[in-house]
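Dropping the structures in below, format is C-alpha cells.
In the two complexes that follow, chain A is the common piece, with chain B as its partner first and chain C second.
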Partner chain A sequence: MNVRSKHRLAKAARYVALAVVVLIFFGPIAWILATAFKSAPDVYSLKIFFTPTLQNIRDSFATPFLVGERTWNSIVVTFCTLVFSLPIATAAAYAFSRFRFPGGSIWPIGVLATQFIPPVVVIIPLFIVFRQVNLLDTRTALVIANMSFVVPYAIWMIKGFIDSIPMDMEEAAQIDGASRLRAIWDVVVPVALPGIATAAIFCFVVSWNEFFYALVLTQQDATTMQVGLMSARTERGDVWEIMAAMGLVIILPMLVLSRFVQKYFTKGLMSGSVR
Partner chain B sequence: MVDKHLKYWLVAPALIIMAMTLLYPLVAGFWFSLHNWNIAQEATLGPFVGLDNYRLILTDDPDFWGSVRVTGIFTVFSVVITLVLAMALALALLLVGNDGLTVNVRTLLVLPFSMSPALLGISWRFLLNPEFGAISAGLGAIIPALKGVPILADPTLAMAALIASDVWHWSPYFMLLFVGALAALPQETIEAAQVDGASRFRVFWEIMLPQLRPVLTIAILLKAIFSLKVLDQVVTLTAGGPGTATETLAHLVYLTAFRFYDLGYSAAIAYLLAAVMGVLALLYTRFVMERA
Partner chain C sequence: MASVTLKNVAKRFGHFTALEQLDLSIGDGEFLVLLGPSGCGKTTTMRMVAGLEYPSSGEIRIGDRLVNEVQPKERDVAMVFQNYGLYPHMSVEQNIAYPLKVRGIGKTDRAARVRAAADKVELGPLLARKPRELSGGQRQRVALARAIVRTPQVFLMDEPLSNLDAKLRVTMRAEIKHLQHELGVTTIYVTHDQIEAMTLADRVAVMNEGRIQQLGTPAEIYDTPANLFVAGFIGSPPMNLIPGAVSGGTFKATDVSVTHPDFGADGAGILGIRPEDIEVVDPQVAGIVGSVYAVELTGEANLVTVLTGTSRVIARASRAWDGKIGDKVGLRPDPARIHLFDQQTGLRIEPRRVPGAGNH
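Let's look at the complex of A and B:
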C-alpha cells in the first residue's frame, strides 16, 4: 500500500467515525422528530421510510394533550423568568465585580454555591408557601421558582464578563459628568452585552427545560410542555406519536438556537456556571 | 450620598429573590425535617419530633439505604463513562480536523444536552420498547441475546439504560468542554514530543493529560453533582422501577413528599442528600476560587 492510499484510508476511517458519532448522538433525536410525522401503524412497525402526516400534530393540540395551551404556558413562564432575572442579575453582577462588600468574596462564592442545592430540597418549602398564598398551579409560582436557579446562574456568568471590562471606560464616562448609573447603562451594558446574551441563552435553555418544579407546582392551568409530556402516557396506554409531536415542539427552539449554544458554549462553561 | 449606597441597591433585588427562593426554603426545609407532617391530612406543621426522622432514616430504613446504593452506582458509572467517552470523542474530533463538517457535527452535538431531561427520559422509554423501540432494535441486531428483551422490566438492564441515557445526554457537553481545553494547550511541547517519535498515546498520557488536570477536576465535580441530583429522567424513564432498582435519592424524596405526603420525613432525606452535595460544592467552589 503506498502512502497516498494509506492517507486516503485514514481519511475515510475518520469520516466513518464521525458518521457513527452523529448516528449515536443525533439518531435518537431524528427518530423522535420523524415519529412526530408518522401515522400510528408506521410508528409501531419501526419503519424508516414513511408517508408524512400532520395528524399527530393536529391531535396533540386537542384535549387531553392541549399542546397549544401548554406551549403558551412554557413561553410565558420562560419569557417572564428571563425578563425579570436578567436586569436583576446584571445589576448584581456589576456590583459584585466593581465594589468591595463586607465579607469580601464570600458573596459571589455564596451565589455560586446556591447552584448546588438539590431542587428536591428547595421545592418542599416552596410548595407549602405557594399553597398558603394560593399560588399553586399558576405561572407566577413557576416564574418565582425558576428565578431561584436562573438569577444566581446569570449573576455568575455576567460577572465573569464584567470582570474583563477595564474600569477606565466607566471612569472616563464619569469625569464627563455622567452619573454612575448612567455610566453603567451607557458604557458597561453595551460592552457586556455578549455576556448578557450568553447568560440569556443558557437561562432560556434551563427555564424552557425545567420539569420538576412544574411537575410539583402545577396541576392543569399552568402545566408546561415538559410536564405535558406525561399526558402522552394515558390510562389506555402510551401514545408515542403524540409524545413525539410534543417532543418536536420542545426541541424546536433548541434546533434554532443550537448554533448559538455551541458558539457561546466554552465561555459560559469556563465562567464556572453549573446547571 | 447615592454612590455610597449604590452597591447595596444594585444587589438588593437579587439578594431578596435568592433569600426568598433559596435561603428561606433551606431554613424552612430543615425545620420541617424536625417534625412529623402528613400534608394530605394536616394543613399546618405537625408535632415536633427532633432528630427522630434522621435517626429512623439512618438506622431503620431499607428504602433509604437502597436509594443510597442506587445513587452511588449511578453516579460512579455515569461520571466515569461520560468523561472517558467525552475525552475520547474530543480527541477523535481533534484528529479529524477543524473543517466545516466538524463544526456542523459539533452544532448537532449540542442537541443531546440542550434537550430536556424529561423529554430525554420519555423518548428513551419509547426507543427502548422491546417491540417497536429503535434503540432496542439496534441493540438486538448487535447483541442477539437482547433481542425483544423488555429492558426496563429487568433491574440491572433498567439501571444500565438509565446510565446510558445519562451518558448520551452529558458526554457531548463535556466533549465540547474538553475540545476547548485541548485546543488551548501549548502546541510546542506536543510537537516536540511528536518529532522525538513519541506515540500518540504517550503524548496524550504524559504531556496532555497532566496539563488538563484542572479542567478534569472541574468536570468530575460537576458531573458528580449532576449525577447525585438526577431526577427528571428518572421520573419519565423508569419512575424508579422496576421495583426500586432505579430509585435515586432525589426520586425517593419526591415520592415520599408528593406521593406519600410524608413531608417531614422527606425533608430529612433531602437534607442528607444536600449534605453530601454540600461537600462536593465546597470542593468545587474552592477549586474555582483558587483558579480565579
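Let's look at the complex of A and C:
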C-alpha cells in the first residue's frame, strides 16, 4: 500500500466514525420528527417515505393532551425560575466570593450540600407543605421547587467567575463615586456576564427538563409539558405519534439553544475554570 | 484640595497587627511617598485613607473632616491602582467618564472634561479603544486620566509604575511628577522602589513592620537615616554597614579604624558609609584596608567591592580607576558623611539632629 491510498483509507475511516456519531445523536431526533408527522398506521412501519400529516400536531393540542396549555406552563415556570434564581444566585455568589463569614467556606459548601439529598426524600414533606399553604397544582410551587436545585448550582457557577475578577475594579468604582451596589451593577455584573449566562443556560436546561417535582406537585392546572407527555400513555396503549409530536415541542428550545449558544456556553465554562 | 491627617491610627486583621500607632500629617498640595518593603503597612495606610479599609482605632481626617467610617464615594479622593483597575467592558472614554457619570454630570460637560483629561495624559486618539487593546503604559495613563478627570481632594497612587517596564517607568515617573505639580493636589504615593520615592516625593515616610521609621524630605532621609533599617533600605547600592566598637573617639573593627570628633560614648556600634562617600586610596594612608573582591563597571563609575575583615565594603570609584581582583587597597571615607548606629537599638547615634525621627 502506498502512502496515498493509506491516506485515503484514513480519511474514509474518519468519515465512517463521523457517520456513526451523527447516527447516534441525530437518529432519535430524526425518528421523533418522522413519527410526529406519520399517520397512525404508518407509525409501526419502517417506511422512510410516507404521506406526512399534521393530524398528530392538531390532536396533541386538543383535549386530553393540551400541549398548548402545558407548554405555556413549562414556559412560565422556567422563565420565572430564571428570573428569580439569577439575581439571587449572583448576589449570593458575590457575597460568598467577597466577604468572610464566621465558619468560612461552610456556608457555600452547605448550600451545595443540600443537593446531596435525593429529591425522593424531600418530595413527601414538600407535598405536605405545599398542600398546607394551598400551593399544590400551581406554577408558583414548581418555581419554588425548581429554585431549590437551580440556585445552589448557579451560585457555584457564578461564584467561580466572580472569584476570578480582581477586587481592584470594584474598589476603583467605589472610589470613583459609586456605592457598593452600584459598583456591583456597573462593574462586577458586566464582567461576570459570561458566567451568569452560562449559569442561565444551565438553569434553563435543568428547569425545562424537570419532571419529578412537576409530576408530584401538579394534577391538572399547572401540569408541565414534560409531565403531559405521560398522558400519551392511554388505556388504548401508548400513542406514539402524539408522544412524538409532544416530544418535538419539548426538544425544540434545546435544539434552538444548542444551535445559537453552545459555543458561548463552552466558552463560559472554559474561561471560568482556566482563568 | 486638602490636608490629610492620621492620628494614632492602628489596623488589626484578627490577631495580626498591620499598623500600630501611626501618626502622619500630609500638608495641602504635598506629595508624600510611603516607602517600605512588602508587608510594612504602607498599602494598608493608603487603603484606610481611601476608605477601602476602616481603622481599628485612631482618627483619619481629610481636611478637617473625620472620615474614619465614611464610604469611599463620600471621601472625594481618586486612586490609581497597581493593576490599573480599569473597567474592561468599557471603552477608554467610558472609563475616564465613569467618575463623572456616577456623580450625575451631564453628557456634554462630561465629554469636554474627558477630552481635557485625556489630552493631558496624551490619550486623545485612543478614546474609542477597550483597555485590553492598550499597552501597559497606556492603561496606566487611562487610570491617571480617570483620577484627574474631576478634581479630587486627594490623589492616592498604589505602586502605579511597578507593572511597567524599566524604561517606561522613568518616563511615567516624570509625567506623574509634572502632573501633580501642575494640579497641585495632595498626593499619597505608595511604592517599594526607593528611587521612585526619592525622585517624586516632597516628603518620604519610610515604613517597616507597621511603623514609620523616618519621615522627612528625600535629602534628610538619605543624608541622615534615623536607624539601620532606613540606612540599609535607601540607596543603591545600599549603605555599607560595618559592625565594630567605639573606644576613645575611634571606631574599630578588623582592618577598620576610623576616628571622628563626633564619636563620643564608648561601646558597640555599627559604622555606616555610603559607597559614593568612600575614596579608594593607597592602603598605607587609609583607615580601612582590604583586598579587592570584585570590580563592576556601571558605565558612569566603577563599583569596587573590598573585603575587609569579615565585611564587604562597596566603594564607588571613578570610571578611570583601574585595579584588579586581589589588589590590596585602602578606603578613605568622607569624614562629613559618616554615620554611626547603636548596635542594640539600631538607632542613629550622633550629635547631629535627626529630623523626623523619634517614633519610638
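The criterion applied here is as follows: the second predicted complex is superposed on the first by the 259 of 275 C-alpha atoms of A that agree within 3 Å, B and C clash if a C-alpha of one lies under 4 Å from a C-alpha of the other, contacts with A are read in each partner's own complex, and residues count from 1 in each chain.
Following the convention adopted for this analysis, contacts are C-beta pairs under 8 Å (C-beta built on N, C-alpha and C of every residue); 3 or more make two chains touch, one makes a residue touch a chain.
Note that this is a predicted model, so its numbers are computed, not measured.
Bringing the complexes onto one copy of chain A puts chain B beside chain C with no clash. In the superposition on chain A, A:F161 contacts neither chain B nor chain C. Measured by the number of chain A residues touched, the leading partner among chain B and chain C is B.
When the two complexes are overlaid on their common chain A, residue A:Y213 makes contact with neither chain B nor chain C. Residue contacts after overlaying the shared chain place A:M169 against chain C, while chain B stays out of touching range. Aligning the two complexes via chain A yields an angle of 100° at the C-alpha centre of chain A, spanning the centres of chain B and chain C, rounded to a multiple of 10. Of all C-alpha pairs linking chain B and chain C after the chain A fit, the shortest spans 8 Å. Comparing the two interfaces of chain A, the one with chain B and the one with chain C have residues 179 in common. Residues of chain C touching chain A in their complex: 50-52, 71-73, 75, 77-79, 81-89, 98-99, 102-103, 146, 156.
Of all residues in chain B, only 2-3, 6-7, 10-11, 13-15, 17-18, 20-22, 24-26, 28-29, 32, 39, 89, 92, 95-96, 101-102, 105-112, 114-119, 122-127, 129, 131-132, 134-135, 137, 168, 172, 176-177, 180, 218, 222, 225, 228-229, 231-232, 235-236, 250, 253-254, 257-258, 263, 266-267, 270-271, 273-274, 277-278, 280-282, 284-285, 288-289 touch chain A in the complex they form.
Of all residues in chain A, only 14-15, 17-18, 21-22, 24-29, 31-32, 35, 43-46, 88-89, 91-92, 94-96, 98-99, 101, 105, 107, 109, 111-129, 144-145, 147-148, 151-152, 155, 179-181, 205, 208-212, 215-216, 226-227, 229-230, 232-233, 238, 240, 243-244, 246-247, 250-251, 254-255, 257-259, 261-262, 265-266, 269-270, 272, 274 touch chain B in the complex they form.
Within the complex formed with chain C, the residues of chain A that make contact are 166, 168-169, 171-179, 182, 186-187, 190-191.
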